[in-house]
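What follows is a group of structures, each given as C-alpha cells.
Presented sequentially are two complexes of chain A, the first with chain B as partner and the second with chain C.
Our next item is the complex of A and B:
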C-alpha cells in the first residue's frame, strides 16, 4: 500500500476521508459523549450498517470484480458471529456462575463451574454438556482467530470443490445458496451444539465490562468503521494491481484468461476465501451490536438481500456497494420500523410496514432492467477524470 | 308367617337357611297373589335372591354364574338391567323387575320374562339393586358371552373390541364358546385371532400356549407383538456367586459389559440391600459442609477445598474419624460384584412359552423390518413425486429455456391460493378441486406471461440479472400475498375420497393423497413429453432454445414461443401449487420451501432433460428418506445431509445425472 496506490485511486482517499468524517460526527453527537442527538440504539444501527457495508465490499469483490454471484456469503457472516458469540456467551455465563457459586460454603471446583456454565447455556436445548466445538470458547484469542479461520476454511473447501469441477454461473449461485441453506438447517438442530433455533443471545453485554451501553455501542461503532476502512483499503488494493486485472479478466471472459495460462481456479478460490474471511470479521462485529444470533440469520434470503444491496448500489465499484447497502438497509429499517408515515388514499391506507417489501422488490426489478450500474452509475455520470477504479 | 328366632345369626349355613326361608315365602306369596305360571327367569332369580340382595363382591360369583349359565336368552337383559342399576325387587313378594322412572316419580315395572309392562308403582314399594363397581365388572364379563353371540354383528364387533382393549383370563372361555356358532366370516376370523392371542397369555395349559404362539409366529399385527412383549418382560435379579435363581432365567449378565455397566450392577446390589450405597458428590459435599469447624474440615482449610481431589481427601479424613460413611472405593465395588451374579429373569414362569415367544417375535420383527423397507420405499416415492411436481415447471423454464426464475416458488404459492379462493366460493370439495386446477393454471399462466413480457425477455443474455430481477418479483409477490391473505396458514381441503390411507398391512400404508400426487406427477411427465415431442409448440420451443437466431430465420416467432413456453412452465407450477396445498398448509412463504429443492432437483438431474429431473427427484427423495430412516427423529439433519450430498455429487457429475451432450449442451 504505497503512495502510488493511493495516488492512482483517489476515490479510496475520498471514501476513507468521508468515513472518518462520518465516524467523528456520529461520535460527537452520540449519547456516549453527552450531546445525545443520536440515541444509543441508532448508534448501534449505524454500527451494524457499517458491518453490512463491509460484507457488501466483500460481495462486490467476488461478484462485481470476479463475476461470481455468491448467494451464500451470509453463511460466512453468520459463522463469524457465532464464533465471537461463543466466547461472549461462555465468558459472561462463567462470570455469572462464578459469582453465584461464590456464595456457597465450599469454594467451587473447576468441574462444578464448568457443569453450571453448561447447564446455563445448554439448558434450553435439554443438555448440559459442552459439545466439542466449544473447546476453545474460554479463550478470546482463539475464538477471534476462529472468526477468520472457520469461514475461511469452509470457503476454501467449498470453493475448491466447486471451482475444481468448473461449476460456474447460475449453477454456482444455486450451489452457494444450497450451502447457506444447509448451514442454516444444520444450525436449527438442537444437536448442532449451538443452541438450535434459540441461537446465542445476550451478546451485547461484554464480559467484565461495566461501561454503559452508550459507551460500548460507540466502541463497536468505531471498530466497525475501522474494519470497514481497512477492508475497503485492502479490497481496493487487491483490485488495483495485476491480481485485479486477472480477476476482471475472469469476469469478462473466463475461457480466454485460462488460455492465457492463468490458473483461473486458484484466483477464484483466493478471492472466494478472502471475501469469506472479510465476511466473518464483519459478522463478528455485527452480532455483538445486534445482541443475538440465530440460524435464521444465515437463511438464503439474507444472502440474496446482500446481492440486492450491491446491485442497487452498483457493482464493480466498491463505493457503490457501500452506498447501496447503507441506503437500502437504512431506508428498510426506517420503513419497516414503523416510523414512515402511512399514506391515506381515502379508500385504503398504505401501511409502509406492509408495502415496503413490494416497493423494494419492484424497484429492484426496475434497477436491474434500467440501471444495471446501480446508484453509483449516477456518480459516474458526473463529469470526472478518466481512469479511476473500474 | 312364621319366622324362626333370628335365623341369620346361626353360624352354620346361613345362606341355606335364608334360601329355604325366602323360597317358602315366595311360594306362599305366589300362590296367594298370582295364578301359577311358567316363570323360569324369575325362578332362577329367586333361587339366587339372597346372594343378589347381599350384593357382596366375594359371594356374588355363584349367583352371576347361575344366571349366565341358565341358557335363557332373557338373561342378557337381566344382567344389563342389573348392571345399569335398573333392577328392582318388589318388597311385597321379593320378585325382581326391570323398572324405569316415570315423569311423576313412580316406577314403570316390566317383567323380565317377556318385557311386558306390569304396571306403575310407587318407589317406596320397591328396593333398588345397586351393584358396586366390582360386581358390575363381573356382570360385564358374564355379559360378554351374550354379546359375543348377539344377533347384531355390530354388537359382536363391539364385544370383541372391548375384549381386545382389556383382555382378561375370565373372558377366554366365553370367547371360545362363541366361535362355533359364528357365521360371519370376518367376525369368525377376528374371534379366532383373539382366541389365539388370549390363549398365549391366559390358557392354563403350557402346550396350547406354545402352540398358539407358534401358530402366529411371524405375524405383522401390532396386537400380536403387543401380546408377546409382556410375556418377555424381564427384571434383574441378583444371586450369590455359585447359585442360580429359582426362576425362568433369560440371561446371565456380566458387570462391565454393554448390557450391564459396573455402576448399574452396583446400583442393583445397593437396591437389593447387598452393598452400601455409593457416596455421591452431593452427599460428600453435604457431609463436608456439615462438618466445618471454625473454617476447617478435618484439618483442611475450607478455602482449599476447590478441587475434587482435595474434597475427596477431606472426606476420607472425616470417614477415618467416623464422622461420615466411608467412601465406596473402586476395589470395594469389584469385590462386591465378584461376590454376586446378575440374571435377567422373565416374569413369565414357563421357559417353553418364553422360548417360543422369543422366536416368534424375532420372526415377526424381521418381517416388520422388511415391511418397513417397503414403507420407506413408498415414502421416498411420494416425496420424490412431490419434488418432481414442484420442479417440473422449473424443468421447462430453467431446464429448457435456461431462465432462472426465483419467483417459481411464488407461482406455486399463487396456484395454492387460487385453490383456496375457489374453495371459498365452491363449498363442494371435489367440484372445487376440479375447478381450481384449470383456474390455477390460468392464473399462473397469465402471471408467467406477464413476467416474461415485462422483465425476463429483456434479460435473456444476462442470466444472473434474471435471477436477481425475478427475486425482486418473488419478494414483492410474497409480501402481496401476505397483505391480502394474512400471515396465518389457509386450508385447502381435499375431497373426502382422498382422506384416509391404503393400508397394506399393519406396517405398510400410504395415504390416498400421496397416491394422487404420484399419479399427478406421472400425468405431468406424460404431458411434458407430449408437448415437447408431439406438438408444434414443443418443436418450436426446442428450436428456439437451441439456436434462437436460426429458429427465427426459419420463420419461428421466437418471442411468442418464449412467452408461451414460460407461461406453460409457470402454469404447471400453479397446478403443482394446488396439489401441494392439499397436504401442506397454504402460506405466503410456502414457495420458499420448495424453490431451492426444486433447483437442486433440476440441477442434479441434468438441465434440459425431463428424465433427468425425474431421476433427480427420485434420488433426492430417496436419499432424504434414507437419512431419515437412519435418524428418524431428525428431518432437519436429513435435509442438511442431502445438501452436502448434492454438493459432493455435483463434483462428480457437474452436469447432472443425465447430461446433455453436443450442441444442445450450450457452451
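Our next item is the complex of A and C:
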C-alpha cells in the first residue's frame, strides 16, 4: 500500500478525508465533549452505522466485485458480536460477583466465584454450568482473536464445500441463507450455550471502566471509524491490482478465468473468507454499541437487507456501498423510530413504521430496474458531464 | 517429430449418444493442424476433453515430454501445464482494458496470494506492449475491451492465449464473423504462432482452412475419418460422402 496506490485511486483519498472530517465533526458536537448538539444515543447510532458500512464494503467485495451474492454475511457479523459479547458479559459479571462476595466473612474460593458467575449468566436458561465454548471467555485477547477466527473458519469450511462443488448463482445465495438460518435457529436453543433467545446483554458496559456512556460511545465511534477507514483501504487495495482483475473476471465470466489457468475456487474461497473476517470485526464493534445481541440478529432477513443497501448504493463501487448503507439505514431508523410524522389522508393515515418497508422494497425494485449502478451512478455521472462541457 | 499430445481410444457418451467414439489423434511439437467435420462430428467435445471440461469415459490423453495423463486434472492445472484454448465466441473481459486483459493472461504464478501482491514490472509491460503489437492493438492498450470491434476482440483473445505462452493452442472457429481483411490477419497470426508451438484450429470455413495450408484431420461421428493435406482429404470418397458432398 504505497503512495502510488493512493495516487492511482484518488477516490480512496477523498473517502478517507471525508470520513475523518465526519468523525471530527461528530466528536466535537457530541455530548462527550461538552457541546452536546449530538446526543449520546445518536453518537451510538452513527457508530453502529459506520460498522454497517464496513460490512457493506465487505459485501461489495464479495458481491459487487466477485459476483457472489452471499445472503449470509450477517451470520459472520453476528458471530463477531457474540465473541466479543462473551468476554464483556463474563468479565463484567465476574467483577459484580467478586464485589458482592467480598462482603462475606470468608473470602470466596475460585470455585465459588465461578459458580456464581455461571449462575448469573446462565440462570436465565435454567443452568449454571459454563459450556465448553466459554472456555476462553475470561481472556480478552483470545476472544478478540476469535472475533476473526470463528467467522473465518466457518466461511472457510462452508466456502470450501460450496465452491468445490461448483455451486454458483442463486443456488449459492440460497445455501448462504440456509447457513445463516441454521445458525440463528441453533442460537435460539437454550442448550446452544449462548443464552438462547435472551442473547447476550449489557454489552454497552465495559468492565473496569467507570467513564460515562457519553465518553464510551465516542470511543466506539472512533474505533468504528478507524475500522471502516482501514477496511476500506484494504479492500480498495485488494481490488486495485491483478487480483481485482481476476475477481472481476470471475464475476463476468467464470469459465473464461478458469481457462486462463486460474483456480477460480481458491479465489472465491479467499474472498469469501476475507469478507467473513471483516464482517466479524464489524460485528464486534457494532454490538457493544447496540448493548445486546440475540439470535434474531443473524436471521436471514438481516443479510438480505445488506444486499439491498449495497444494491441501492451501487455495487462494484466501494463508496457506493458506504453511501447506500449509511443513507438507507439512517433513513430506516428515522422512519421506524417514530420520528417521521404520519400523513393523514382523511380516509387513511400513512404510518411510516408500516409503510417504510414498502417504500424500501419499491426503491430496491426501481434501482434494480432503472439504475443498476445505484446512487453511486450519480457520482460517476459528475466528471463525465464536466468533460462534455469542456 | 516427437509427439506433444497423444489422444488414444477416447470415448465419451452423453445420455447414450457417443459424441466421441474411440478417437485417436496425435499432434507434434510445432505444427499447425486444422480439424474439420460436419456439425456433431465431435470437434468441440474433443476440445472439451483435452482441456478437462469433459471427462472421457474411456481412453488415454498423454501430454508432453513425460507423457503425463491429462485425464482427471482440473482445467486450471491443464492450462498451467501449457494448453490454451480459444472459444468460438470471443470472450474477453469487456469492462477491463486491453492491457488488464493481457496482464491477466501473462504466464505468471497464478496462486491467489502471489497475484494479490503482484504489480507489473517494466518487463511485463514491455511484453504486453509487444503482444499488443503482434495482434494489432498497440494503440488500444488502455481502451476497454468491450469497445473493440468483433475482429479486434478475436485478436485480443488470441493475444491472451499467446500471453499464456502455451505449448498447444486450441482455437475454435477463429474466422467466424470476420471480414476478409481480418481473416488474412488471423491467418498470419496463427501461422506465426505455429512456428514455435502446436496449434489446432477447428474450422467450418474451407476457404480459411485452405489458406492455413496445413495438415487436415476430418472428424465424423466422433472418430477420425481421414487425415492429410486438404487436397488429399477432399479427394477421399468417404469425406466427400459425409461432408463435402451434401
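One rule holds in what follows: the second predicted complex is superposed on the first by the 383 of 390 C-alpha atoms of A that agree within 3 Å, B and C clash if a C-alpha of one lies under 4 Å from a C-alpha of the other, contacts with A are read in each partner's own complex, and residues count from 1 in each chain.
Rule of thumb we're sticking to: a residue touches a chain if its C-beta (ideal position, glycine included) is under 8 Å from a C-beta of that chain, and two chains touch if they have at least 3 such contacts.
Just so it is clear, the model here is predicted, and its values are computed rather than measured.
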First (chain B), second (chain C), both or neither touched by A:106: first
Residue contacts on chain A - larger count, chain B or chain C: B
Which of chain B and chain C A:17 touches, first, second, both or neither: neither
Which superposed partner A:349 touches (first chain B, second chain C, both, neither): neither
Touching partner for A:25 - first (chain B), second (chain C), both, neither: neither
Touched partner set for A:242, first chain B, second chain C, both or neither: second
Chain B versus chain C as contact partner of A:39, first or second or both or neither: neither
Contact residues of chain A, present in both the chain B and the chain C interface: none
Residues of chain A touching chain C in the complex: 238, 241-243, 245-246, 248-249, 252-253, 256, 258-264, 266-267, 270
Touch list for chain C against partner chain A, complex: 51, 74-76, 79-80, 84-85, 87, 91, 93-96, 100, 103-105, 110-112, 115-116, 118-120, 160, 164
Touching residues (chain side chain A, partner chain B) in the complex: 69, 105-111, 158, 161-162, 164-167, 169-171, 173-175, 177-179, 181-182, 185-186, 188-189, 191, 300-301, 304, 307-308, 311, 354-355, 357-358, 360-365, 368-369, 372
Touching residues on chain B, where the partner in the complex is chain A: 285, 288-289, 292, 302-308, 311, 404, 406, 455, 458-459, 462-465, 467-469, 471-480, 482-483, 592, 596, 599-600, 603, 634, 636-637, 639-640, 643-644, 646-648, 650-652, 654
